[in-house]
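Chains: A, B, C and D, in written order; residue numbering restarts at 1 for each.
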Amino acid sequence: MEQKSIKLIIESKLENVALLGMAINKLCSLTPLSEVESYQVELCVVEAVNNSIKHAYEGKACNEVEVVFTLYPSKVVVDVCDRGKSMEQSIFNEKQLSALEVDPNDIMKLSESGRGIPIIKEVMDSVVYKSKEGKNCLTMIKRLEARGGKDNDSI
Amino acid sequence: MEQKSIKLIIESKLENVALLGMAINKLCSLTPLSEVESYQVELCVVEAVNNSIKHAYEGKACNEVEVVFTLYPSKVVVDVCDRGKSMEQSIFNEKQLSALEVDPNDIMKLSESGRGIPIIKEVMDSVVYKSKEGKNCLTMIKRLEARGGKDNDSI
Amino acid sequence: MIQFETYEKDDLLIVKPKVKRLDAIVAVSFKDKITEFINQGKKLILLNLNDVNFIDSSGLGAIVTILKRLGRDGKLYLCYVSEPVENMFKLTRMDKIFKIFDTEEQAIQSVK
Amino acid sequence: MIQFETYEKDDLLIVKPKVKRLDAIVAVSFKDKITEFINQGKKLILLNLNDVNFIDSSGLGAIVTILKRLGRDGKLYLCYVSEPVENMFKLTRMDKIFKIFDTEEQAIQSVK
């Protein structure tokens, strides 16, 4: 099977994010992913796009967020790209799954934000952030076969 | 309500058309359109995109077909654009709903093609084709309110 | 390209395309494959569209081609037509042309 | 912005957000509105998530804010949590934090 690909572009407004999320969710129905897994992929894309709008573009409209969804026989690759302020690689690296841990006995310590990147790292099999020539891309890979373990495969 | 908009781009290969169609179908679930009506909108987009690939780009890959889906409170507007050979306005105008009529008593006369544009004209409330500076756009409007009659409203 | 399930019941050839979308990408191989059956002498064909949930004008055109290749002494029947596909047949007036049955059994009974 | 259905049952305030997506676009008005209820003295809140089929980290963050504003003598319950939303709570370990009931009735019974 050849790869199939579609690019989705929105203006950097939160109003448009649901359109992207729903389109991505539906595209996942072309894969063997389950309904909950498709929701998880949608969630990761929404988190990444929200981050581009809130952090890279600091909430300003009139900029573009670009999402490329590519379907291979054994994986789905989603790139979320912006041309705003890039994220420091150290922030990206520091955000580990441990950020999702909670202490049920001390709810006052629960964090009210900061779960976006950890969620993406938890759901996806590989996540890479790169900035080049003013374009920042978060590349997320979800494997469709041999999905037992996580790995750090490059694309 | 503000308008919401998303742009979807594929390379001019028939393999990618289903991705576009499914995304458009799902986006229609944000509107009051019924399931069958959403399917009809998907169908029109698929017909228009197939035409861009087959006719405007003469089946050649490596070109882009761009679809913009915009949701207003009272209508959905979908633009399908290419930068290939433009369609003569007379061909577009000649393709009337009558092309869909059939004679059940003479199946040998049934046409094997030529239903794309007539279907679009039948389903949509307004259809306009324009070429400008090398970019060809088919603009289709489906009304969401007062959908009793067809009209020729401009956008 | 396109996969089929086929089986025969007396003179009737039942063909079930294993695709969700009967569209431009499969239309040609779809009509070529069924033309082979016609060339082998099949005259009665039942298309089981159970798996198909989308059809565009290319897919419809392929069915029309098959209908015409079957000619005047052949017959084409359809069954398990989903709501969107049925709606597409109505849009294109094909509901006046194709004989559509709810189920495979009903088609088989009526052809007997 | 965000619409709610609310009603009280003894000391329990039942709040049903009328949105399909509890996401970044509604998160602020969502927590502001419920904070108003808390400021009015409500201590027991049941969130009926029946209409919600998607929640992102902003929506989740808003619920955490509400939980913290309720403080140690308040309580937050959830009910009618759809499968994807429940999965999101698991991903973020919130299933260990929120008390989730299947139905509104069960929540009401248990709070009595």
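The rule is simple: contacts are C-beta pairs under 8 Å (C-beta built on N, C-alpha and C of every residue); 3 or more make two chains touch, one makes a residue touch a chain.
Given the structure is predicted, the values throughout are model-derived calculations rather than measurements.
Novice: Both chain A and chain C are touched by which chains?
Specialist: Under the touch definition, chain A and chain C have B as mutual neighbours.
Novice: In terms of CA centroid distance, which chain is the most far removed from chain A?
Specialist: Centre of mass proxy via C-alpha means gives C as farthest from chain A.
Novice: Distance between chain A and chain D based on Cα centroids, please, to the nearest Å.
Specialist: Distance between chain centres: 25 Å.
Novice: Centroid of chain A to centroid of chain B, CA atoms only: how many Å?
Specialist: Spacing between the chain centres: roughly 31 Å.
Novice: Taking each chain's centre as the mean of its CA atoms, how far is chain B from chain D in angstrom?
Specialist: Each chain's C-alpha centroid was found; their separation is 42 Å.
Novice: Between chain C and chain D, tell me the centre distance in angstrom, where each centre is the average of that chain's C-alpha atoms.
Specialist: About 51 Å, centre to centre.
Novice: At which residue positions does chain B touch at least two other chains?
Specialist: 15, 18
Novice: For this entry, which pairs of chains touch?
Specialist: Final set of chain pairs in contact is A-B, A-D, B-C.
Novice: Given the complex with chain A, which residues does chain D contribute to the contact?
Specialist: That would be residues 21, 23-25, 54, 56-58, 60-61, 64-65, 67-68, 72, 83-84, 87-88, 91-94, 96-97 of chain D.
Novice: In the complex of these two chains, what residues of chain B are touching chain C?
Specialist: 14-15, 17-18, 21, 35-36, 39-40, 42-43, 46-47, 50, 53-54, 100-102, 104, 107-108, 110-113, 115-116, 119, 122-123
Novice: Quick check: in the complex, which residue numbers of chain A touch chain B?
Specialist: 2, 4-11, 15-16, 18-20, 22-23, 25-27, 29-30, 69, 71
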